[in-house]
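Shared chain: chain A. Partners: chain B in the first complex, chain C in the second.
For the complex of A and B:
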């Protein structure tokens, strides 16, 4: 039975890790488990030591070959999985069983290296129950499986309060607990620092969450939810890149206006391995974790490699000072030879004169009149993206819209730049947070108007207002492939999804994101004035101690209540115990009475009487009311 | 443990026995308790310490028939149980009952007989009846076997295995008398003469009544708890290969009842259990090469189990 339990614990610890192991190792491990099971089934002896040594060495060599090291996270996990399986084949003594159980516990924890979501946590709980049952089976080989599982569940349930106290109060360290090597971020998705046709198009195929936002009170209209990200001022062939004049500034360039609406909100940003932070236009505060630039981007100091939270305030209307001429010059620069038709069009407007506003108006009208089509499958274009989009294909994605518009504006002599980021988002009615996904990625334009400063123009919205006012699905023609969750007609799915998001968000905020800051806030809310680590540790000790005391008290209380007769008898023994005459635990009443009588002959008659009363009440058939006499005599007895 | 003087029908018999067998009050009480609990007694001791005298005295004072069977290695079951002999005058087989058909049997040096003869006796003890040639014949009531075993000379003997020892309710050792008792013994009259003068002090019917009285003594739940705790301890403690059987537990309660009855009480105390424990329990606990005496083993067991 123990063998099967150990096997179950091994498999339970191994199964969730299969996906991250090299196939040959997964196969070897599976075969080893199967081997052990077959031997146990056929009641055959375990294989010899030399065979095991050979297999272990071969496996270790394989791991070395695969990862070029035996240490580090992935190689270490792989090696431990191998050992877990091979240990099964030499589990002879209980000590070996213990080693398997400990290995299984540790490997359970390594599931969190890859993924820290709720399903993984649930899997881990199941694994821990099985492993604990295996541990219990080591001490009681005859126990039935159901009994062991129940015992394991009970033990885990009993440890729950301690777990909660430790979780809440144990002093937190900054940074993720699961230290990850640098290569772990290559798969993270997000906006990149340049834009060429097709880049955002790829991004919006993903349903992955970019960030979540919780507004403090007021929420802007959906069409005003422009989350600013990288600003691209330099056209380099087909690709837009950040401008060379962009520089770090210590304070925001613009002044917030007192009477314009302001929005306060908290952003929980998923890791995306790039430094930018996203905010509504225009941020009036700079998060402590980052800085700002002279084109109003927000940057973290390091690439965002873990989920971070920051509080923001934004005002849509701010007062811009005089802009740096170098920045404006950069926002007018164009490659001379590309996009001749667009350049010609814009140049024509420029030469006819008129104010900047008039030229902007004309450009917008032009875009609308061209009946440009918004599509997720734009045709391939050459170097002259703006020309081909505006005059030939007339089909494109937000990249084409914004890029062509900025080229047109620059040709017309108005400083303009491309801004990438996210537009919109989806409000989760369950917990009232906004979820912004990669599929909300967007690109738009900003133009400089002398009196007004930087003005956002979204050429996509001009041509295809539904994209902004509603969502992606409404703007894209029928037949274009959309991310599943963006499609209409799945209302029940959407509802379930909202709930799932809400749970997931709480998990992220309160379990994974329970960092020193959150811990401090939470404890302050609970009334702890200055939650430093000393206070926390002291509280932790006091709480755990009082809980243990409570449990002990409960167990004592649950113990079968002492018979009142017996209680009187023990009282007597305690009294006499002060003179070294306590009753031995095995001593019967007569023997005890005689022993007392020998040392205190004067009391012989009385102690004999008490012992006879006790014996008659407890072992004989004296009526129960005689207990009063027993009590009286014992109370009166003075040794 | 000085006994309380209680007016009990068996008290005079016990007092008289103490006059004949000197300094062996405890063993006499145990033997009498064994009889009252309808068990059988095994005495393990050297020759000449008074085994036969004890058996004889008990039979005499209680007014019971007495037979002695000297076990030898060539003994056959028929020598114990009896045999059918063809009676020429009657023209038929007539059964001649063996020495077992008596109320008190002294099976002397039981370990000298072959297992075959031993088992004939043990079966009779257990069944309280004898089946010979298809006919079942009941043994008298009360029926009390006192077997003796000589532990010193084991060559050419068949010591009873542990499974057979379990059939005896008690095993006691007589031991040498103490100095004062031995002096009184040497100064006093011949024991045989004393025995011959002894009168029965109780009738067999009264003895049967006492037996049934003993079995109806009150055993309170805490006492059952105690016996269970003792038995459970022997089953889990590492000192013994196997623990006490349920039969041992039953025997413990029955013997404690008889002991309490002799003490003149109507209920059983833990002390009664502790008093009979060395005699009832220790010979059923197989120990691995242990040199401790029964009293020491019992003491250790008692002190390991607190009263509930």
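For the complex of A and C:
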């Protein structure tokens, strides 16, 4: 029986990890489990030790080959899975069984590296019940499976209060405690710090959530939801990179105007392993965890590797100060030899004169007249992306639109740069939060106009206004593949999704996002004046201690259990006690009855019968059903 | 060296932990005061694993990791309660230990009573350095465990302090208690294997009592006693009288009248006491097996001639306690 339980624990720990393991290892593990099960079924002996040594060495070599290390996070998980599987074939002593159980518990934890969603939490509970039953089977090898599962379930249910108290009160530390392995965050996606054709296109296929926003009151129009991210001022071949003149500034480089609309909101940013923080253009506050740069980006001090929340205020209209000439010069630089046709067009406008606004106007008109097509599947282009997009293919994605436009503006002598980020988002009517997904990734342009400062121009919107006013689905031609959730015609599905997202959001905010800051806020709300770690630990100790005492008392306290006959007999004594005729502790039923009969001769026959019934039921051989008569007579007995 | 120290400390603790001077009066109630609880080796490994997992959860900031670790921490605490409850409140009484011969295994019967409405599982009881007996007790029931202990010498063997422990249900926590109720087992002398024949039949022909002792002199019938050898039952009479009649035993003149005395002084004078006792024990057993009546003479005491299990026990007891 133990063997089967250990096998079940192994499978329960392994199954949730299958997706993140290399296929060969998943296959090897499955085969090993199957092998163990077959041996147990046929009651055959376990394989020899040398064979296991060979398989383990081969497996370790495979992991080494796969990950180039044995000590990374993923390689570590892979090795542990390998051990878990092979230990099954070696489990002889109880010690081996314990090793399997502890490994299974540990591997249950490792699945959270990839995913901490609600379904994963539910799977975790199932895994822990099975593993705990396996642990109990090591002690009680004869127990029936249902009994073990019931025992494990009961004990885990009794552990829940401890878990809750510890979860709320255990002082949270914002990790990491030491350097993490290099591959720790490889699974995170998000905008990168450069833009080459196809980069955003890859991102946009993803339904993954980039961040969530909850507005305090006013909400801007959908077309004004530009979530500013990395600013790219340097064109390096086909790739746009951050400008070299970008520097950190201590305060915001512009003044907010008092009468323009301002929006206050809270952003919950998913980890993306990059330092960008996203905010509506233009932020007028700086979150405590970050700083600003002179091109109005928000940066966190460290790459965002866990979900963070920050409060923001933004004002679309701000007054810009004089711009640093070096920054402007950088925003005019172009590779001399690339995109000759675009350079020629822009250069032509420049030589004809006119104000910056007029040239900007001409460029926008030109883009519109070119009848450029917005598509998720742009053709492959060479070095001269702007030329080929504007003049040859005329089909492209937002990165083509913005890049070509910036090249055109620079050629016309107007400082311009590419801004990446997210545009739009989707409001969840259930809990009124906005969800911004990776599929909302966008790139637009910014030009410097004397007296007005930096002006946002979205060339995609110029050519394809529907992309901005509605969403991606409205903009791309039919037949283009879109992420499922962006498609139209799935209204009921969307409704359900909205509810699910709302639940997920609470989960994220309260369970997964329960960080030191959240903990402090929450404990303050509960009435703890100064929730530092000393107070938390003290409260934790007191609560756990009293709960332990309470549970012990509850488990050990035994209600003195009387049998029903005795209970009836005492009832009689209690009743008669009001007349001062309570039974003495040393008085037997016959003596007691005689004493009552003496004081109340009228009731002599009745009390005699009751005493005889009691004595017969208690000490004699009267059938148990006679208790009904005893009960009836005692109930009717009035002294 | 280290082991000796550990042993000594263990012994000191056990003596202190028993809380009374042994032997204690029965029934022994295992109250909270005398039930001890500590993590087992598996429990320590479990705790170490949890610490590693907690560090992992902190380092990678895994909220569900925290939840898992805290759930398992709660499981450990719950296991303490369950394990403790499995032992505390147990009542222990003793049975009578059946006498055995020196060199055999004495078995001390402990009776474990469960006053609760739920069964108790996998209680392990053992005497120091002896085999561990495992048993379950049904709800409101009791179970008898026989604790084996090698009996090297004749005389009274007092039951040493017993340890009663359990790691049920998860094996992570060990809770235990000590008990030393008054319980002794009588150890008969080890019967000698190579014996001179019973002295009355002084012809020294062999160890077994031969048939030339007048067994054939039939003297009459008497009511059968369970100790009578089966070949002396009057089967023919029984067959005649039917199944309801009591069995009769044939009495032989030779058996009844033979003055069989097993005498300490009949043995060679230079023989030491233990050997004598051992030989006497063998004679007593042989005489009983052959349905003879015998008397036993020891220096300073004499047991009159008789036979049957009670007489056998009296005789062996006298041998066992000789000089004590």
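Before moving on, here are some points about what is shown:
Criterion: the second predicted complex is superposed on the first by the 383 of 639 C-alpha atoms of A that agree within 3 Å, B and C clash if a C-alpha of one lies under 4 Å from a C-alpha of the other, contacts with A are read in each partner's own complex, and residues count from 1 in each chain.
Note that contacts are C-beta pairs under 8 Å (C-beta built on N, C-alpha and C of every residue); 3 or more make two chains touch, one makes a residue touch a chain.
Nothing here was measured: the structure is a model prediction, and the numbers come from that model.
By the touch criterion stated above, A:357 is placed in contact with neither chain B nor chain C.
Contacts of A:588 after superposition on the shared chain: chain B is touched, whereas chain C is not.
Contacts of A:629 after superposition on the shared chain: neither chain B nor chain C is touched. Shared-chain residue A:323: touches no atom of chain B or chain C. Comparing chain C and chain B on the residues of chain A they touch gives the larger count to C. Looking at the complex, you find that chain C touches chain A at residues 32, 42, 45-46, 49, 52-53, 55-75, 77-79, 81-82, 84-85, 88-89, 115-117, 121-122, 167-172. Chain B makes touch with chain A in their complex at residues 1, 218, 220, 222-223, 265-271, 274, 302-307. Contacts from chain A toward chain B in the complex involve residues 563, 566, 584-591, 615-616, 618-621.
Interface of chain A with chain C (complex): residues 73, 98, 102, 105-106, 108-109, 112-113, 116, 120-121, 124, 128, 132, 135-136, 138-140, 151, 155-156, 158-163, 166-167, 170, 173-178, 180, 184, 305-306, 511-515, 544, 548, 551-552, 555-556, 558, 561.
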